[in-house]
Amino acid sequence: MKLSTRKLVAPLALPIAMSLSGFAFAQDLGERVPDIQIAYYAADMGPMYEQSARVLSEEWSKLGLSFKMQPVQFSTFISNIMVGGGLEDMAVFTVGADPDRVDPTYWLHDLGACGARRNGAKWCDEPYTEMVRKQRELVNTEERVALAKQAQQHFYDVMPWWPATNTVYGMVWNSDKWENVTSPEPVAAHEGLIDPWLSAKPKTDDRWFDWAHYEDVTTYNPMAEEGAVGWIRFVYDTFAKNNSKGETIPWAATSWEFVEPTTVKITLRENMKFHDGEAVTADDAVFTINKVVELQPPAMSSRISNLAGAEKVDDLTFNIKLKTPDASFITTVLPYAFILPEHHWANYEGDMVARDVVADGVVVGSGPFKFKTWRVNEVHELETFKDHFHAPEYDGVRRLALGQADAIRSAMISGTGDIATMVLPVAAMSDLANQYNQLEFKEIPSHGSMLVWLNNSKAPFTDPAFRKAMRMATSKERAAVEGWLGFAIPAAEGPVPRMLGMWYNSDLPEIAFDIDGARKVLEEAGYGWDSDGRLHYPKK
Amino acid sequence: MRAYILRRLAQSVLVVWAVTTIMFFMFRVMPADPTAMLLERGLSEQAREKLLQEWGLTGTLWDQYIAYLANILQGDFGNSFLYRKPVWDVLTPLIINTLWIAVPGLLLGAALGAVLGTAVGWARRGGKLERMGIFLATVIRGVPNFVIGIALLTIFSSTLGWFPEFGMGDPGDRTGFARYFTLEFLHHLALPLIAVIIYFMPENLLLMRSGVVENRTEDYIELVRAKGVPQSRVAWHAARNSMLPLITWLFPALAETIAGIVVIEIVFSWPGVGRELVFAVSRQDYPLAQAAFFLLAVMIVLANLAADLVYGKLDPRVVYK
Amino acid sequence: MTQANSTNEPVAIKGRSWLSAVGQSLRLVAGDSFALAGLTILFAFIVIAILAPYISPYEPFKAMMTETGRLNRLSPPTSAHLLGTTSFGNDVLSQFLHGFRIALLVGLVAAVAVGFISTVVGVISGYFGGYVDDILMRITDIALSIPTLPFAIVAVALLGPSVENIILVITILFWRNGARIIRSAVLTERERVYVKWARAAGASHFQIIMRHILPNIVRVIFLWVTMSVAFAVLTEASLSFLGLGDPTVVSWGQMLNTAFSSGNLRTAWWWVIPPSVALVMLVSSLYLIGRAYEEQTNPRLRVRK
Amino acid sequence: MNFTTFEKPGRKSTELAKLNDRLAAKPAAHLQVQNLSVGYSIARGIFQAVDDVSFEVKPGTNLGLVGESGCGKSTVIKAIMGLQPDGTRISGLALLNGENILGLSDRELQAIRWVKVALITQSAMNSLDPVYSIGDQIVEAIRSHENVSNATAWARAEELFALVGMPAARLYEFPHQFSGGMRQRAVIAMALALNAGMLLADEPTTALDPIMQSQIMQRIRGIHEHMRRSMILVTHDIAVVAETCENTVVMYAGKVAEKGPTEDVLERPLHPYTMGLKNAFPRLPVRGEPRQPLISIPGVVPNLFHPPKGCRFAGRCPFATERCHNDPPALVSEGMQAAACHYIDRASEFREAASRPETWRRMGSAA
């Protein structure tokens, strides 16, 4: 009983091969192109990856290729394939719509530069790497945009890998009870954002905003926190926030400017208070930044690596020193870095990164919410901090750790939950809103992308013609519709998502889905097909 | 007696050590990387090294193992990678939550199974009650526990709306031990508890029934009948004797079922230790998963020990050697 | 049974034929109406499993499109899709039918493996006794202290979710109970007079095991294998339901997991009921067979005649 | 040792005295079994274990019920106690003091069992519940029928133990701590608990060694003489019957072969089976006469699925004729005695022949 679905050899391949190009005799050709492994996120990340990989490979197999499906658990995928260099042949996977990825550096540099940690496609192109390093240092936006676009063009010409779709997130909420639930597009509705969290307004006396979610928050110590924007950014203010237009707007800081390429002068908002009533001053900000630089908490390493320290200017102003010029600092670090109350931390003698702030009773920030209760794996409650400059118009927010989609759905129907943003598949959210009057659904198109990676250091992927053919045979449309149930958008060309607005190079010509064209490309490059319709390398 | 208990205890310690060792190496050879989540967010190589060191994941496997054992002997199971605090601090409330559905569920399941099993075992051989009893028990035994959970939720929550659909309580600020004694808690407890009972009962019923059937033809039952005591009393004698083999099965089964309750916890969104174990495994939180696993294994070992001792209490014929 | 007991002579000399032992087992089971129902269901399931690729109307993972070119999601049963479609637009009937294969594949292969290992360990331990027995039984003790489902979860997460690994994990988990049971059966057989005669007559250990011990414990092995099929099916279903199933194939547990994780569990009844009912039918029918068999072979449980 | 009564004088002991008085006032029972048939119905047909058996136990007398194993003796006892398994077909009457007790439900039997009819079971080895102390089991019997305190019932149990010659302290022990003989005595003590008018002793000594057997039988005889209860003693040991019972019923293959006063039946058996049985048991040699050889009856009891159509003993009877094989003999009375044999008139001739071993041996080789 061999499992037939494991190998996807499209039965269509043969007749197409026969009719289009006839088939060459084996002696005219090289070796058969071996089976290709497709790694993708296993079902623990949801069935979209499986479905997408299946749909995409179904089309690719029309080029005479055979595929082996290789589901990989998320963590294994990340450690082995994304940063571990363990990509065998191909991978179909997604990268999330984190708020700081509105900056092009992640897309251009982190995923593509020589030696970048997340360059799992093993592509190394020196001139390109030079360009993407440089763009990051250009504090002048115009210059930076121009260089970023140039890099995109270069990338497009080489085509080492490509995005297939952009993810559409969604949120569903109880519109009987809540209004002004705004979309955080193009960022997924991560907690800690203004939209929809802080803008939501209650329509009834139930003034607690219940978020029906999957898992627990694991810590209230921001130095130990893993997420980019996590829940605890509700408690601890950041200097800036990214809004739904992709702009970085003032938050705890009212203004910032590069006084030098490596020095940013930051002015704090006036009259801010911590939850215990103490005033927020530049001392607290400077203390926090210097502490972070000193301790180098591993969880924060990606964003603080370029920080050199901070120094106070006056009560509300201070300078942040960078190690190297970094234009992405504004979008990636300011909405991330937080302010700790110096008076609760300065005298702490233990390991600050490991401090159990809940047990110590020092979950004290200056954010729009105050910590109230945490029942492990069950519920978190944050109370509105009325003195905050952007306090929401309701009394508090709850995060229900329900652990499974079905319960999230039930919570939304029964009214226990007011909003659901993730975990529940977007299609299911949309279905829910169609079925229940009190529920409203909003799509959140994002820059999160499903990428098709090729092992650029291994044949046949070393051959530009082969890559081109694979690109042409990539059915973005099918992946979006069948893999993502329509809740994805076929991605544009180049590494940078279209949603990044000005950073996106819209001049790159769209490559249409074209199997016949792809076969022609292969044929012209000397490839051929045997009598079984299998693709063979050109004869050497 | 004392020598026997000591010997059994020594054996138990050996078994626990072996299981701990197996688990340790299993988690260490996992291909997954506990830093993966951070890596995706751009954890630097030095920071990763630092983290691994902090988590006791550097050095040779053997060194790690020795350190791990030494810590366990001091009752230190390490800090949860994710929660950043001692695993027991994380697990303790979850264990209590699990016990809330497990203990009453299993006890009621066992009691109900014993009573119904006696009834079916005492029914006329080949009669309707016996046949229906056996058939239903066998079929219910074949229902996977998540199907039980889904069915209960669909019928009693979604359709009839009698019980809440998830969780252990309404969202709110009730914390501490007092919350366990609220009507709201009991309301939430009902369905998962029923699920555990339904899950655990049939096997008890069938075992009890076999025991009663075996015992009812024994000579002593005839004498009890001849004494003219009420039928229920006669059945009690058969049941009382059938309980002996049931006990040896029951205790390990209790422990095993507690371990199996993870599925029920997930279906009902019950914040228990089993659900946390699944989360911990999927998030590579080794210390947490290892401690949860250790706990379950110890429970099974202790249950076996308890079964031995209780058997001795119930059966006057047993002499400990 | 009575015949076998009353003619001790030939048994002592020839031992029992395997075939007759197995045949007798089957006859015993067929005598019970519940077990007969169980066997019928099992047989029907096997037939469906074999025919699944031929009778399922679509490829199990093929996305169904509507005439307007949209994905045909969550359609209730129609004439084109007798059991409706999933939230991914897959045909439920086709997935359901393919599920028979996986359930039986996992169940049967794992059970045979479990039966083999349990028998080897149980026979060696019970027959030879002494240190071998001690060591094997301590190993069994240790194995018995491993919590089943948590171990399966960890092990599958470790090895990766594939049908082969799931079978392997199930085998690792269930040999232990079987070894215990078979060992005690062997202990009883070992003390029989004809075994002692055979030994006195110079038969080798291997001969004694093959001719005298094994045929007489076939019923115990048979029972354990039957139950193991049920355990294996249940374990696979639980793992798949937890999202640890092999994503490249369709199993019932996985169908339920997809329904569960997409939040359609309580609405898409056409998607949820078939795999649930099939699981219950398969496992229950195995239990019915096992129970009847136990009842027929345990003289104390038989209806007194 | 009798500390229960010693510790708690006063109310408890008066309760005990009252109980004892109440029980002592019970008369011995009169049992008439008429046309009792017991059949087990199973897939292959009906297994007629007991077929048309009648006998009578007069108050205060002791009836011996003898025969080989499988002759239906125990079935008769079980039928009287209502202990037959499910699906048993019973017909006939068992009149206890004139009231029929056959076919009563368990509930109805509650008023009869142990109150009026008590049982001394066959295998004392297994007939005590292993998980209760002996005392508890006796107390259970008493308190199920008499509304007395636990202490009183226990005190009564101590008295009963004294009666069977066991120290009261052993009431606290469990069956597995007793030897076979002690268990049997405990069972006897239990049977006496309510001083039932009718005692049914079902092979009370079978499982014991000969010395213990005679001790137990002596104990039973003593108790019988002392308490004058009516009693049926089931045994395959004809010597026991001779020593113990006023009347004897010999059963063969589910039917009464012969019955009558023990002396008559054993001295002048009318049925060849009785003669054969007599031969099969050792007797003390009578001075002056040649030592009697032990002669066993060749063959086995016929399969009761297919009982022979004539006399059931015909197949093993050295005197059987064509008629014996074809016509079932009726029970024919001769004085106090009765036997189911066509040739009662030739009984003395048979007795003569039956005492010679070759008579049976010839039979054995013929079979």
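Per-chain residue numbering starts at 1, and chain names A, B, C and D are given in the order in which the chains are listed.
Here is the rule we use: a contact is a pair of C-beta atoms (placed from the backbone, for glycine too) under 8 Å apart; a residue touches a chain by one contact, two chains touch by 3 or more.
According to UniProt, the chain labels map to these proteins: A = Solute-binding protein family 5 domain-containing protein; B, C = Peptide ABC transporter permease; D = Dipeptide/oligopeptide/nickel ABC transporter ATP-binding protein.
Only a predicted model underlies this, so the values are computations on that prediction, with no experimental measurement involved.
> Kindly list the shared contact partners of chain A and chain B, in label order.
C
> Among all chains, whose Cα centre is located farthest from the one for chain D?
Chain centre farthest from chain D's centre: A.
> From the Cα centroids, identify the chain that ends up most central relative to all protein Cα atoms.
If we average C-alpha coordinates per chain, B lands closest to the whole-structure average.
> Counting C-beta pairs in contact, which chain pair has more, B-C or A-C?
Looking at B-C and A-C side by side, B-C shows more C-beta contacts.
> Rounded to a whole Å, what is the gap between the Cα centroids of chain A and chain D?
Chain centres of chain A and chain D, defined by C-alpha means, are spaced 91 Å apart.
> Roughly how far is chain C from chain D, going centre to centre by Cα mean, in whole Å?
Spacing between the chain centres: roughly 52 Å.
> Taking the mean of the CA coordinates per chain, how far is chain B from chain C in Å?
Each chain reduced to its C-alpha mean, chain B and chain C end up 23 Å apart.
> What whole-Å value do you get for the distance between chain A and chain C if each is reduced to the mean of its CA atoms?
44
> Which positions in chain A are in touch with at least two other chains?
Touching at least two other chains: 44, 73, 404, 406, 410.
> Which parts of chain B, given as residue numbers and ranges, touch two or more other chains?
If we look for residues of chain B contacting two or more partner chains, we find 31-32, 125, 153, 158, 217, 266, 282.
> Touching two or more other chains, which residues of chain C qualify?
157, 160, 260, 265-266, 304
> Which of the residues in chain A end up touching chain B in this complex?
Residues of chain A touching chain B: 44, 73-80, 82-84, 95-96, 98, 110, 117-118, 208, 210, 215-216, 218-219, 221, 224, 226-228, 296, 298-299, 301-303, 305, 353-354, 356, 359, 372-373, 375-379, 381, 398, 400-404, 406-407, 410-411, 414, 416.
> Write out the stretch or stretches of chain C touching chain B in their complex.
Checking each residue of chain C against chain B gives 34, 138, 141-142, 144-151, 153-155, 157-158, 160, 230, 234, 237-238, 241-242, 253, 256, 260, 265-266, 272, 276, 279-288, 291, 294, 298, 300-301, 303-304.
> Going by the contact rule at the top, pick out the chain B residues touching chain D in the complex.
The touching residues are 124-125, 217-220, 222-231, 233, 237, 240-241, 244, 314-317.
> Can you list the residues on chain B that touch chain A in the complex?
Residues 31-48, 50-51, 54, 79-80, 82-85, 89-90, 93-94, 153, 157-158, 165-171, 173, 175, 266-269, 271, 275-276, 279, 282-284.
> In the complex formed with chain C, which residues of chain A make contact?
1, 3-6, 42-44, 46-47, 50-51, 54-55, 69, 71-73, 404-406, 408-410, 424-425, 427-428, 431-432, 435, 481-482, 485-486
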